Every structure is written in C-alpha cells, then in structure tokens.
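For clarity, chains are labelled A, B, C and D in written order, and residue numbers in each chain start from 1.
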C-alpha cells in the first residue's frame, strides 16, 4: 500500500514535470534542497462522484506546490506533496486522514470537498494536532482553532444573489435545495436574506443527492407560482433539475438564482439554452481579466493542457489556502502548528487570482472579493463585483480570538 | 383543475417510467428465474450509447430509441455466452455473478468515460396543461412504454418464438423434448431483456444525468416491481408499475421524492408479504 | 463413539485452538510490531472481519441470503453513536449497538420467515430494507432530526462520535491502541462464540436446516424459528462490527447502509470461503487490503477490480479460497478424510427448480 | 368405509382421518377419504401412480393442508398443523425420494434426528445405538451425499427412528434396494412394529406379502377397498386398476 502511494506521488510529479516542460521541477528534483522537506498533505476526490471537481483541485494543489518550490521552497526547505485520492468515499477520508496525521506526519493538510468529508476528518486532525485548511465554498459556521476555511460562504455570496433577484425579478421566492447540511443551511440563509430584503419564501423543497426525477417538484413550483426560484441543488444527479426545468418550458417563465450552479462542468455539458441567465455569485470566475487571474488560468493550461477551461472558485480557493499557509510559515519562521496559527491570526493578506484575500483572525475564514455572474453561451458574464466581503455569517457566532477553545460548526438560527 | 391534470399527467409518466425501467428485468426473471443485478448498469450502457451516438451526430431519435436496445442487446448476448450460461439453475450464483458484472461495468465505464455526468438534449419542447407547463418528452416516454407493452404481448401471443418461449417457461424439459433447445431460448431471452434495459436507459437519458453509477438509482425499484408483478411478465409488470408508480408520484407530490421512494418500497415489501407470488400469482393468472 | 469420530472432533478442536491462538498472538503482538497508524489500519481490518463473520454465519451456515447485511452494520454504528453522544459513558452504548440491530432483525425476520417468503425474495427484501434505511438516514439533515442531543445529520453523518471509554469513567477514553485491543479482542471472541454455537445442538440444527429444510421440519424442528434466531444473532454481530467501525473513524454517515457495503461483505465471504468461519476473515483482510491499495491510484476505477474478482470467483472458485486450499492440501496429503473435506466445501444449494413441482 | 375390516380392534384409534379431501385447482387428488389406524398397527397402502397416496401422506405430515376434512392423532386435531408440530406429536416419515442432509455425515444426520427430544449426551447414545442397529457404523463419518441410493434410504430411516416417533410413515421404503436390502427392510419393519405403528406405501407386491397384515387400496383419490392382504391381492378390482393403470 505504501508502495502504491509512493508511485502515485511519483506519477503525479512526473506528470507535472512533463506538462510543465522546462519549468522548475527538474531543477529542484535534481539539485534537491539539502534540508528535510516540509510535508503538505492533500485529501481530495480524484475519482468517484466528486471526481470532476476534485481532479482540478488536485491539479491546482500540485500547481501551487510547484510554484512555491520553483521560488525556492519555504524556509529554505522544499515542499513535499503527499496526496491521496479519497475516491468520493467517506471511509477512505477517515483512513487517509489517519495515515497523513499518524504515519506521514505532515505539517499541514489541504483538502476535503463536501462538508461531510470535512466533518469526517476534522476531529482526526484536531486530535493529532495537525493544521487543516478546508478550501471549498460551503455553508459557513465552522469554528475551530485548528481549521482555516478559504472558500466563500453564504453571507459573501448568497446575499448578493438574493439582493439581485429582489431588485430585478420580484418578491416571491421558491427554494429548492440538496437534502444535507449544505442545502439546509444555505436555504436558511436564502430565507433570511429574502425576508431581510422585504420578500417572502412561498415554498422550500429538499432533495437527497441521488434524486434524478424532478417532475413532481416542478409541478409543485408551478402550483406555488413564485417570481424567482433559488437553487442550492448539488451534484451530478441534481443537474437533471435544470434540464427538466428547461424541458418543461419553465426556463423562460421563472428566472433562477443558484448558490452552486456552475462550480462543476455545467457550462460545458449543458445546452446554453438551459444554463443562460441563471444568476450565481462566487469568489472567482475564469473570465476575470485581472493579471493574476489570467496568469493562473494560463499557468494551469500550460501545465495540464488547453482543455482546462472549467476552473472555478474551488480551484482558486485551494490555491489561496496553500498561499496563505505558505505566507504564514514564512512569517512564523517555522512549520510548528501553534506558531503558524499565530501567524495566520495576525491578519495575513495575500494577492491571488481571486484578488486580495485576508485571513480573518476571529473566524478563520477569508475576507475576499465576490463576483455576481451569469452564463452566456458557455462563458461567464460578470455582472457586479463586491470587494472585501466579510464572513459575517460565521462571525455571528464565532470568535476564536476570544474563545480559542470553541470547536463546532454553528448553524444559523433564523 | 389544471393542477389535477398536471398531476395526473405526472402520475402516468411515472408509471410509464417505472414500467420501462422494470420490464427488461421482468423478462429475464420471468422467463429464466435469473435476478439480473446488472440491470441498472445495462440501462446505464443504453444511456451511454445514446450520449455517444448524439456526440457523433447521429439523429437524436435513432440515438435514443434504436441504437441503445441494439447495442445493449448485443452486450447482453455476450454476457450470457461468457458468464450466465455456465450458471443456469444456480440462482444464487447468477445473482452474485451479475452483481460482479454490475460493479465491473461501473468500473469500466468510469475508467473509459470518467465519472462525469453527461447529458443528452431533450429533442422536443413543452406544452401547456391549462396554465401549467409540462414536458412534451414525457409523452415520448409514455408512448415508448405503450409500444413496448403491445410489442411484447404480440411477441408472446402471436409469434412462434413467443410460443416456444412460453413453453420453455412452463416446462424447460418438455420444451427440450419437443426439439427446442432451452439454451438458445435462454440466450435470446437474456438478449431481449438486456435490449429492453438498453431502451429504458436510452429513452431516459435526456431527463436524467448520465453517469457510471446512475443504475443504482433504479435497481431497487425495478426489482421490487418485478416481484410485486408476479409470474405474468407483461401484465404483472404493468400492474405493479401502475400501483407503485401511482403511490410514488402521489406521495412525492404531497411530500418529497424521498418519502415517495420509501413509500413505494414499503408498499412493495408489504405486497410481497401479502401476495408472495406477486399480483398475477393470485389474480389474472392466465395472462401473459 | 467411534475412533474416527473422536479424531475428527479432536482435529476440529486443534484447529480452533490454533486460530484463537493466532488471534491472541496478533492481538498482543501487533502493538509491538507496528506503529499507531498500523494499528489503526488493523483495527479497520478487525471491524470488517467481524462484519464478514456475521455474513459468513448467516449465509454460509444458516443458508439465509441476507443481501442487506449493511443494514445491521449501519444500525449498530448509528445506535452506538447516538447513545454515546447522549449518555457520555460508552458501556451501555456498546450493548445498545448490539441490541438495536438484533431487535430490528427479529422484527424483520419474523415478517419474512413466518411470512413464508422464499429464499430469493429474502435476498431482495433485505436488500430493499437496507436501501430504505439508507434513504431515510440520508434524509435526516437539519436540526429537527435528533435523538436527545445527537443530531443525525443526514448525508453529512455524525462527526466526533466519542470513542469507547474505560467502563464507568467517561473521561478515560481509549486511544488508538486501546481501540485496537477492543476490536481485535472482539474478533477473537466473536470467532470463538460462533465456533461454540456451531458445535452446539442449535448450530448443528441450523446447518441441517440449510441442507434440507423439509427434512428438518419432518423431524420436528421449526425452520422459521431457527432461521429467525440465526438472522438475529448475525445482526447482533454486524451491529458490533458497526460499533467498532464508528470507533475506528470517530464518524458515521449513511454510506454504511450503502449497497456497496453489502456487496463488499458478500465478496469477502465468497472469496474467503462460504461455509467456513476463517474464510470470511481472510477474505475480508485480503479484499480490504486490495481496496486500500487501490486507493493510491486512480488510473483504473476500483469497482472494475471488485467486479472481476466477484465474477471470477463465482465461475472458477465458487467454494472460495480456504475450502479450495483445504481440498488441495487434503489431496496432496494422505487422502485421509475426503468425505470430511467434501462435507465442508459443500455449499448451500440455492438453486430453485423452474417451478415448484407438485409431486404426488 | 366403517368396520369392513375383519377383526378390527376396538382400541381407540391412533390416527383417524375423517372425510379428508385435497383439491388442486379443479382436480381432486384425494376425495373424501376416511382412514383409521390403531395403536401399534401396521398398514400398507397400495394403489397405482397418482392414486393419491403421497398426497395423503403429505396431509398426514402437514406438508399439505387438506381442502376439507379432519385428521386426528389420538385426541389432538392435527388438521393443517405445521409439519414440525405434527412431527413433535410423534409422526415420523421417510419420504419417497431420499430426503437427507447431504453435506452432513451419516452420524450427524442421525444426530439431528435424535437431538430434538433429548439432551446432546443422550442423543449421542441413541445415535450409536441406531448406527449399530441399521449397520451404518462403518460409514458413520462419510458425507451422506456421497452414498448410494440404498444407503441414503437407510440413513433416512435411521434419522426418522432416532426421533422415536410413535407413528412411522414409510413411502416406498424398498424402492431401489437390492434383494438383500429388501429383506432387511422387511425385518426392520417387523421389528419397529413391535412397539410402533406404521403406514407403508409400496408397489412391490412380494414385499407387501412379506410384511402386510391389512392393506388399504387407493384409486383415483378414493379408497377402493381395505382388507386382509390375501383378500386384497386376490381381488379382481385391485388387479384391474393396477394392471390397467400400469398398462396405460
């Protein structure tokens, strides 16, 4: 088993080197830093139901590590990436998390995609005192001194979708969401933002992730006749909702906003007629024209091929997480967990493809820019930009500076 | 009133869908007493056939309705020749082997196509029921199910193949004594059942995402509907689909699809408890 | 008693002592030989091996086609998690994790066995029940679904489940090494328990019913009762496996109810050897090892390998590895007791004739 | 069908079937049969194939539930009771086709038969005794599935007797046996009959002559006649149904 993971790692590196051409990889591989490498562990789903999202995140992780190594590593030491494919299986998350913490003894772990996977591994890293970065757009509320979250949360994004919908389309909303923590909490925030903006919610339905037939749901929505539909539907099976919505002729009748649409490959696999006009809000879009953003897309394409056209917030947040950690290590002058946490809590800021990203000491979440965009013929059309969005949702209950011993995920009480 | 119409339309669609996803399994189980646990994956292969054909510019109707049954029928034939035929009379072993085939197909398709949800465009638009919109494609589903019922009944009742099939089903040894090789019949039946699974996968491709593990979503429902239907394959599957599809859609509309699904499964388990031989084991015994 | 009989019994006693001895050696030796992570790995192997024993017993000896054994694994795991969170001390929760699946199995088994539901249908019903449980637990997101303080958590599952503690001292929680002792100790105890059970009158009748239900009935045994009891016992063992499984990961989610869990345990038993107890243990360790090894690569989906293994075993080595190895050894050896080997490799015949003949 | 039997003992009957019928769809396999068996009596049932003998046995053992009528074992009504309940009440049956535990050894088979009513230790003793009595000791540790047809029949008989039933039903015990085995079977039946009641279904007329006292003849689901063995075998009607059926 160890044998296999080593060869896997080697394969990753080799693949990277070939794709990168003449870039720095061979240089550091040959002349190797004399010092002991710093170990960065990665747990992401390269295969299985989340393989689509995970594959790009794995590539981004490799890209970021290579970039740091090309610049001389950290503290004069090279960074060694130890990556495991968790195959969208919870059991493998537990297993590889234990392996990273107990056997590989890595200095930091970057990974986890679903909230379920994060909750499965978080206690393991708490127990073994291994620093953990969770780099996915999620429902917010995680409050744990050992954990740093770099993805956007509802207060930074959903708020703007609801706001846009209220101003543009009307006051009555119908919410459809995935039946798990993310969907429930996001739906709660949607409801709250609707009410705060003077609107109302005429119905809310939750669907387990394996539901593919939405005909009865679409009938229910029609019966309720809302002005807008807000979707927090997640994953492969739920993509059927958008198709069936379009097929039932609803597309032109009721507009839609979504908190997760487009994070996967929806824009490339679905008909533009199905996707056009759905309003979304994330921390990054691949059509952003800032130099750092363009540079990131070009760099990834140079490394992994020109068909890398579906990069999204999940990937830049992964990049952000690694860069924030690297900066903190430099600042702390050590990879010791407590020193790095202190450095991160000093209000550290990095410039990344997503713009300016600051680690909020109180919540261990990022203060970042959010963008409102909608698909237009397989490309993202950016409608609005909101700089310096504060993770107000998590901050409502979480203050790790005051109460460093907190360890839970807060859920909104609305 | 309009809403009643819409719900009724959805119920009929649900019944047709359930019939389509079940009948392939029913043919194989009814004729051969083989529980084909790879049924869901045969559907998945049908859906992938449709996706691939559409990607290569094949006419959409051909890609949805013609190619999937052909391709999956051939795959079923190959599976029967290489695995199933060695296991006749060993029900347990065929269940295990088809379970293995199911896992293998998921793995193979994942390896070849990646674990990505593919999609097929819906070839027709929508229509109005009063002030509600409904998908025209659901009519295609209903039509396909009706054609499948009529064709199967015709095949069983009026063709020589159907006669031999029924004879083999009644008494394999007797049929063998009449000079019909049960091996050939079983081979043809398995291919026919596979083709029907392929058809279901193809025709459902536009409304469900196409992914390697899509079969798992259908298998439990298909199973329990076959058992609920009882020995008369077409009639039984039709009646059970009607009953369970009705329960599922109605409960789904009132509550949520999960509860609908659970209601379907619970109803089926109760039905099997009350009528261990299924609906046609007790009623309409002489039907086909 | 004839001498042949005595020697057979003695031999079986020796094999029992050898297996238990090996188990104890691993139990106390492993902490000295492997690091903490190695123990964590081995703990998982012990948990799946107990799970495999539950399937090996109910299917291989009682001849009941339980295709949804994961239902009991999951119920045990959830029962432990809920009780441990609510109670603090883990002693009663461990008992609950065994009792809840047993009660559930008793109810389900009464429904099936006393309802004259035939073998294949039992397979389908157990499978369906596990699907229902999966869907129900999956739909328990949101804080309204809770038992005491324990939120069920739906798809996300329940994080931070407290591990087993020293009985009566809730704050004295076991570390990874302690959990290893519990897990491997349980495996040895379950193995010994099943050996004793099978040697008892009850166990022999259970096997006889598997062989010929009608005959057993005509002698005066009620097959329904024996099947119900076997089914219930196996559910309790699966529940214990679930309890250890949740202690291993500190976390539980509805995926324990998934079809793939039920499929895996059937593969464990089939590969190791149906109708043996050591076989399922070896099969579990072997296949779980392969699954773990496959986790390091992503070129080929692991399902492909599992599927090929399953089909290959059904077609080529239907008795499984252990009985095949025994038969080979017996052939290579002095051919002392071919009958015994044949008896042990004989499998419950599940094949049904096309139609139940009404012979007169 | 009352006291046509000469010398019928005025004892209370062990088994009494009253007006028992069994219908399969439209076919009456057993039609209003009245049948009485005294304590420690030996009765032979004969009749052509399809006469309803095996169906009758299946009703007596609970494998089939009569469509109508009543079956009593001493004072207990066992009509439609479960097979295991009837077995517990003291009825043992050796079925037409050898019905044994194939994967188990001879010893284990007999043990299962013995162990229901008694402790494991006592059962082991009964098994040893039974193995000697039926001359099975030399093959005691072989799996029954490997044995020849005749030997399997003996194992089944041993298994049934090990349960010490009060009434033993034997469905074609001599079928497929060698001449020698047939004689031993006849001896055994005589021996069992010292303490137990027996009903034996058989086609082998010489065998019947060897063992029978009273014979009941089934034809087309009904009892054609019931009388002393000599008179039955001499009866023209019996010859007709037998020869007629067999010729057909």
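Quick notes on this structure:
Just so we're on the same page, contacts are C-beta pairs under 8 Å (C-beta built on N, C-alpha and C of every residue); 3 or more make two chains touch, one makes a residue touch a chain.
Chains and their UniProt names: A = Urea ABC transporter; B, C = Branched-chain amino acid ABC transporter permease; D = ATP-binding cassette domain-containing protein.
Please read these numbers as outputs of a predicted model, since none were measured by experiment.
Chains making contact with chain B as well as with chain D: C.
Set against the C-alpha centre of chain B, every other chain centre is closer than that of D.
Among the chains, the centre nearest to the mean of all shown protein C-alpha atoms is found for C.
Spacing of chain A (Urea ABC transporter) relative to chain D, judged by their CA centroids, is 77 angstrom.
Chain A (Urea ABC transporter) and chain C have centres, each the mean of its CA atoms, that are 38 Å apart.
Under the contact definition stated at the top, the residues of chain C that touch 2 or more other chains are 135, 138-139, 301-302.
Residue positions of chain A (Urea ABC transporter) touching 2 or more other chains, listed in rising order: 47, 179, 206, 208, 210.
Residue positions of chain B touching 2 or more other chains, listed in rising order: 110, 115, 216, 256, 258.
In summary, the structure contains touching chain pairs A-B, A-C, B-C, C-D. If you check the complex, the residues on chain A (Urea ABC transporter) that touch chain C are 1, 4-5, 7-8, 46-47, 84-87, 89-92, 94-96, 98-99, 102-103, 114-116, 119-120, 122-124, 127, 178-181, 183-184, 206, 208-210, 411.
For chain C in complex with chain B, the touching residues are 65, 67, 111, 115-118, 120-121, 123-125, 127-129, 131-132, 135-136, 138-139, 259, 263, 266, 270, 299-312, 314-315, 318, 350-355. Of all residues in chain B, only 33, 35, 83, 86-87, 89-93, 95-97, 99-108, 110-111, 115, 169-172, 212, 216, 220, 223-224, 227, 256, 258-259, 261-262, 265-266, 268-269, 272-273, 276 touch chain C in the complex they form. By the touch criterion stated above, chain B contacts chain A (Urea ABC transporter) in their complex at residues 3, 6-7, 10, 13-14, 17, 110, 114-119, 121-122, 125-128, 132-138, 206-209, 211, 213-214, 216-217, 249, 252-253, 256-258, 260. On chain C, the positions that touch chain D within their shared complex are 1-2, 4-5, 8, 200-201, 204-205, 207-208, 211-212, 214-223, 337, 339-340, 342-343, 346, 358-360.
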